[in-house]
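Some structures are shown below for you to check.
Look at the two complexes coming up: chain A is in both, with chain B in one and chain C in the other.
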Partner chain A sequence: MKKLVRVLGVLVVLGLVALLAFIFVPVQRTGPVTQLAADFKPAKGQGEYVMRAGDCLACHTNEGGKPFAGGRAIQSPMGTIWTTNITPDKETGIGNWSLDDFRAALYDGVTPNGTHLYPAMPYENYRKMSEEDIVALYDYFMHEVEPVSDKVEETKLGFPFNLRFGLRAWNWLAASYEPGFKPTTGQDEQFNRGKYLVEGAGHCAACHSPRNLFMAQDGIDDTSKVFLTGGEIDGYTAPDLRGRDSGPQKWTTEQTAAYLSTARNAHSTATGEMMLVVRDSLQYLTKEDNMAIAAYLKKIGTAPANSASATPAAPIVTETEKMLTDAKADMPLGPRLYLDNCGGCHFVTGKGAGETFPELDGNSLVTAKSPKGLISVILHGAELPSTADRPMKMRMQGYDKRLSDEEIAALATFLREGWTNKAPAVSAADVKAVRDLAHH
Partner chain B sequence: MARTEKKKNVVLVGFGWTGAILGMELANEGLEILALERGHDQATVPDFQYPNMIDELKYGVRLGMMQKPRNGTLTIRRDQNETALPYRSLGTFLPGIGVGGAGTHWNGLNWRPMQSEYHLRSYTEEKFGNIIPEDMTIQDYPMSYAELEPHFDRFEYVAGISGQAGNVNGKIVEGGNPFEAPRSRDYPMPPMHSTWDGKKFGDAAKAMGYHPFPSPGGIASKDYVNEYNMQMGPCNHCGFCERFGCYNYSKSSPQTAIIDALKRKKNFEYRTHADVLRVELAPDGKTATGVTYYDEKAQEEVFQPADIVILTAFSLHNVHLMLLSGIGKPYDPNTNEGVVGRNYSYQLTGGYTLFFKDENFNPFIGTGANGMCIDDFGMDNIDFAKEGFIGGAYWRSGQTNGQPIRSMGLPAGTPSWGAGWKKAIGEWYGHSMNIGAHGSLMSYRGNYLDLDPTYKDPRGRAMMRMTFNWQPNDLKMIQFMKSKMEPLVKSMNPDIAQDGFKKDGAMFDVRPYQTTHNTGGAVTGDDPKTSAINRYLQAWDQHNVFVMGASAFPQNTQYNPTGMVGGLAYWAAEHIRKDYLPNPRPLV
Partner chain C sequence: MRDLPGLPSRRGFLKASAATAAIAGIAVPAKAEQKPEPVALTEYKPICLKPSEWAFVMAAVARLIPSEGEGPGAIETRVPVFIDMQLAGDYGRAADWYMEGPHDAAASPLRGWQTPLTPLEVYQQAIPVFDEWCKVTHGKIFAELDAATQDKALTSLQKDEMKIRPDLREFFTILLGNTKEGYFADPMYGGNHGMQAWTYIGFPGARGSYREWVLKHNVKYPLGPVSISGERA
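And now, the complex of A and B:
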């Protein structure tokens, strides 16, 4: 009996020591993956370019706030995370950070005092960035960004997520891979440039990869079968990018690149979060880089390349098109609403028109697992960003004042089942939930 | 108390088609540009959005997109013996308001004038001898069609015009207008499909040996991207073009063709609710120093200094501002001297309505530039000496809309309300079609613009006064069109046909809508005694003032004016860029 007590006592002490070590022993910070020459200087503009590729501005700037001064609320399943001030202000920003501090935040998700960042900061992906880009980005933040003194709201998540040391264990699962970028041997330069941007700074997997049991990205590179096969962000579906029917696989490389740089192409337009990514990040990448991303995505498709998009098959008149063309008086509510509200632009074919009116047939937003994005566009409309190659802020108007929840449910269900689409129905309650969001 | 704003290189007065064109072209030169618009800002969404825009009562009848007479109008009389009265209720023409101007609410009909029109006086004299009436003040454009061609082409490709070329570099193309001046290439988009009325008209015209072709227009027949990377989407034929903003990104307008691209330029700025009161001149009167405008938000006058002032407002407003600012000598019809207000002109149209019991025209399908045309009675094809008038017309048939309040053609004599009216609507709605003749109008000593001696606008400025009436030459032209159209109508064998052609002695009536093709008043020419601006649309006396718009037309073309307005704007922009900016001076 005494022995048992003693053994238990030792175990408890060992456990406590381990826990204290877990909490208090500083995290090993990752050093540079490449030793750069002592006189290395990033090329002019490179730092800003990396910032655009990493889309730092989008999260670290509040609506109407000063650039990079933080304070934007990121809704996570654990609660609201407030982004930080990353201007070079010494008091409230990162003005006192060394290059090593900066790299550790990007690679390991830790601040200089050892505090773990929440993985809303995609260090899982930034861990793949090159030392050249890290240095360029550091240089940009220290010398080109205006310091802003602004203490932003501190993130206060509920128990147990407020115990940030717990992230140490999470990091063992999510961000313990060898830092730096590993090009795929046997692939050309364009492929590997695309891969670098997608896996690293672009952090596409943060939305487009599924999450595993521990909420970590399930697959951070293309060695994983589920990498970029679709995820969810704030209840919206981030579509699959690798399956046969996904955009990057159906479209030509040029069309995908056009989508990335202008938020529109011959088939579709970017809405919601992806519109913001184009607005704040991708439109600033060079044509070559967006082509590299598109070419890379095409090559990592998980199904045999679909050649149908290159040579369109003879148009097939679907049952939906026939019904809309006949426009019989006893047409159900969904298609009738479509004719009254949508058909003028998207047409009875559901094919829309190049770069102006997106296709609804086969559109990943229409058939998304979560109908939230589709409902949101019907309710509130959508606006394309002004970009150099396509400056027009084309906007679809919202129908929130014109259509009831029941009507939008009928319309959305029609869209999800019309033409060649096959997605589950939408209920009025689904619509109400999205409509109510706007009133918060 | 007036405030003074920071100086700009260029101030544009008015932000419609020509303001947007000049803004873009000069912003590309790196200049600091400011456009002042007296109306509100407006964009496709939310301002023209579906379904709010397709409200015939609000926009078609109550003229929601037009300027309100209470905020500024002009006075009108028919001759010098009458007392001009304010145009208090919009009728015969409809000046627009707001960003995009008339370019937002037009029908989209887009043309280049015929070849004889650029040198009409010398063409008439050389070909037909001394037949120009003494009081007819028509004159030649100071530039040739060949010089303008690249600029027409540029405008058509920026605006996004659908059409079928008939003459490409002298080669006649089957299916197009064989009488058009040679164009350097096709239209940017294929022609629109015609509705049944246009088809019927085209077939009848062809059977009579005429040369029908699809109407050219700024209505997108497909998706389109222009040189500024601006976009249009294909039209769905909803029929809400004229008097409406297009909700579908399908009608050519400054909004679809230019504005979002222009807004990206850091050296371009525009201010709305900024009503320009006058152009300010230097003490010696030889240059402008800027403009004074009324800032409606701040409720105060603002002096806006600028190196260059470009009037890019509606033609009537350009002339009014010149008269108020002392730019050019006001025209006096009694002495035939002075240039500002001279050669004001308008448009003379007529047509037939044909009723067919057994035809169904589905009038709810349409566009502003729908249908088929013929140009067999265009100016180039008429013997002025033989027919006894100078002028011409193009004909068109194609329904523009099926709106219930204004577009239900009924046989003459039908009661205008009650059971008889209802019965007739039931009987005839959808069973009528129109054929229109869109005719030229010459300029005359007696048709002119000046400042009204009595009436003031809300800012205390003298209103502009329009003195205008129909003249025998043009009434003869339109009667000639009737005589030629009548046999064609008969050949179509309608159940009822009724004409709407003005007769000899007709007087100008401001009440029914006719056209918003108000031209002249600040015409371009080679002689400073008979023109307000030179061949580069530059004021003769103030070299840093340029005047765009249909006010530059020496007389009105037989076509809708927008194509010419756009072509002239690009022509002037090129000469300002290449010739004036490096060395600011009188260019002639």
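And now, the complex of A and C:
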């Protein structure tokens, strides 16, 4: 008996020690993946370019706030996460950070005092960035960004998510892979440039990959089958990018690149979060880089490449188009609402007009597993950003006042089943959920 | 308005439209949207019109677009509500009109608004004048006259037989204009209730989606109208 107590006592002590070690022993920080020459200096503009590719500005700037001063609310399933001030201000920003501190935040998700960052900061992806880009980015933040003294609201999640040390275990699952970028051997330079941008700085997987049981990105590179097969972000749909019917697979590489740099192409337009990505990030990339991203995405398609060109040889008149053209007075509610509200721009063909009105037939946002993006666009409309190549801010108005939850459900269901689309129906409760989200 | 010689008459056009609307009407109601009925006109609390003015507007529009005969009248389409709402708003106040003058009552009507009064003031001041004239000429105020006498009185007003004050001379013109507007405007402005006027003439409303119909000749367009706020009929 005594012996048992003693054994138990030892186990408890060991457990406590392990727990304390887990909480208090500093995280091993990742060093540089390549040793740069002592006199390495990033090229002029390289740092800003990496910042654009990584889209730091979008999250670390509040609506109407100073660039990089943080304070923007990111809605996560765990609660509101406030982005931090990353200007070189010494008190409230990152002015005191060394290059090693900076790298540790991007690679390991830890701040200089060992606090774990919430993975709203996509260090899972930034871990793939090259040392050259890290140095360039560090240089940019230290010397080109205006310091702003601004103490932003501190993130206070509920229990157990407020225990940040728990992220240490999470990181073992999500961000413990070998840092740095591994090009695919046998692929050309364009492919690997695209791969680097998509998997690393671009952190496309943060939205476009599904999340696993632990809320980590399910697949952070193309060795994973589900990498970039669609996810959800802040109540919005991030469509699949690899399936046979996804945009990057159906469109030509040029069309995908145009979508990335101007938010519009012959088939579709960027809405929701993606519109912001184009506005703040992708439009600043070079044509070559956007082509590289498009070419890479096409090559990692999960279905055999669609041999048919983007426009079918003979246009097929679908049953849906026939019904809409006939405009019979006894048509069901869904198509009737389409004619009353949508047909003027998207037409009975559901094909819209290139670079202006996105096609709804075969639109991955319309047919996405989660209908939230579609519902959100119907409710609140959408606006294309003004980009250098396409300055016109095209706008679709919202229908939140014109249509009820039941009507939007009928309309969205029609869109998801119309023409050649085949996606499950939408309920009034689905619509209500998205409508209520807007009030947060 | 007189019909132009050699052209199909307006009345004929309306009759033809009515016939098509009647046919279309058979299928449409199945899809018509269920909306709670608004408060009855007799219970309606005018925003800016006094009871005597409201009674006049109710009686006058009922003669300008009567309920008997073909198609809905101004009463079923709630034209008086439209007029009350408009007179209570920017239009009634002439909010965005040039009102500084000079106003010359002798000027040609083509030279625009020639009275310092706002449309609401024209209604407010002309109605008692006209009612008084009706009492003197026909024995009762306008709203209490029988329909035939009301028609006669309105005709006199239109022809200005009573020589109304110059600053009120636009009264009949705006009364008739506002009545037509209330009959055909989008229901969001209070009139054209249930889009009855649009259904009657076969106007499909705020749909704006007819590209596929451009080349369909002599095919009747089958769908009922939709309003700006999304009502269907």
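The rule is short, and it goes like this: the second predicted complex is superposed on the first by the 436 of 440 C-alpha atoms of A that agree within 3 Å, B and C clash if a C-alpha of one lies under 4 Å from a C-alpha of the other, contacts with A are read in each partner's own complex, and residues count from 1 in each chain.
The rule is simple: contacts are C-beta pairs under 8 Å (C-beta built on N, C-alpha and C of every residue); 3 or more make two chains touch, one makes a residue touch a chain.
For clarity, every value in this text was computed on a predicted model and none was experimentally measured.
Enquirer: Taking the superposition on A as described, I'd like to know which of chain B and chain C A:Met392 touches: first, second, both or neither.
Expert: In the superposition, A:Met392 contacts chain B only.
Enquirer: Who does A:Thr111 touch here: chain B (first), chain C (second), both, or neither?
Expert: neither
Enquirer: Is A:Leu403 touching the first partner chain B, the second partner chain C, both, or neither of them?
Expert: In the superposition, A:Leu403 touches chain C alone.
Enquirer: Just to be sure I read the superposition right, which of the two partners does A:Gly381 touch: chain B = first, chain C = second, or both, or neither?
Expert: The answer is first: A:Gly381 touches chain B but not chain C.
Enquirer: What is the contact status of A:Val348 with respect to chain B (first) and chain C (second): first, second, both, or neither?
Expert: After superposing on A, A:Val348 lies in contact with chain C but is clear of chain B.
Enquirer: Which partner chains sit in contact with A:Ser76 here, chain B, chain C, both or neither? Use first/second/both/neither.
Expert: neither
Enquirer: Looking at the overlay, what does A:Thr184 touch: chain B (first), chain C (second), both, or neither?
Expert: In the superposition, A:Thr184 touches no partner, neither chain B nor chain C.
Enquirer: Determine, under the contact definition given at the top, whether A:Phe357 touches first (chain B), second (chain C), both, or neither.
Expert: In the superposed model, A:Phe357 contacts chain B only, not chain C.
Enquirer: Find the residues of chain A that appear in the contact set with chain B and again in the contact set with chain C.
Expert: Dual-contact residues (chain A): 341, 343-344, 402.
Enquirer: Touching chain A in the complex: which residues of chain C?
Expert: Interface residues on the chain C side: 24, 27-28, 30-31, 207-209, 211-212, 221-224, 226, 229-230, 232.
Enquirer: For a test of understanding, state which residues of chain A touch chain C in their complex under the given definition.
Expert: 324-331, 333, 336, 339-344, 347-348, 399, 401-403, 407
Enquirer: Using the touch definition up top, name the residues of chain A that touch chain B in the complex.
Expert: Touching chain B from chain A are residues 341, 343-345, 353-357, 381, 383, 386, 388-397, 402.
Enquirer: Give the list of chain B residues in touch with chain A in this complex.
Expert: It is residues 43-46, 49-51, 222-223, 225, 228-234, 236, 238, 247-249, 256, 260-261, 263-264 of chain B that touch chain A.
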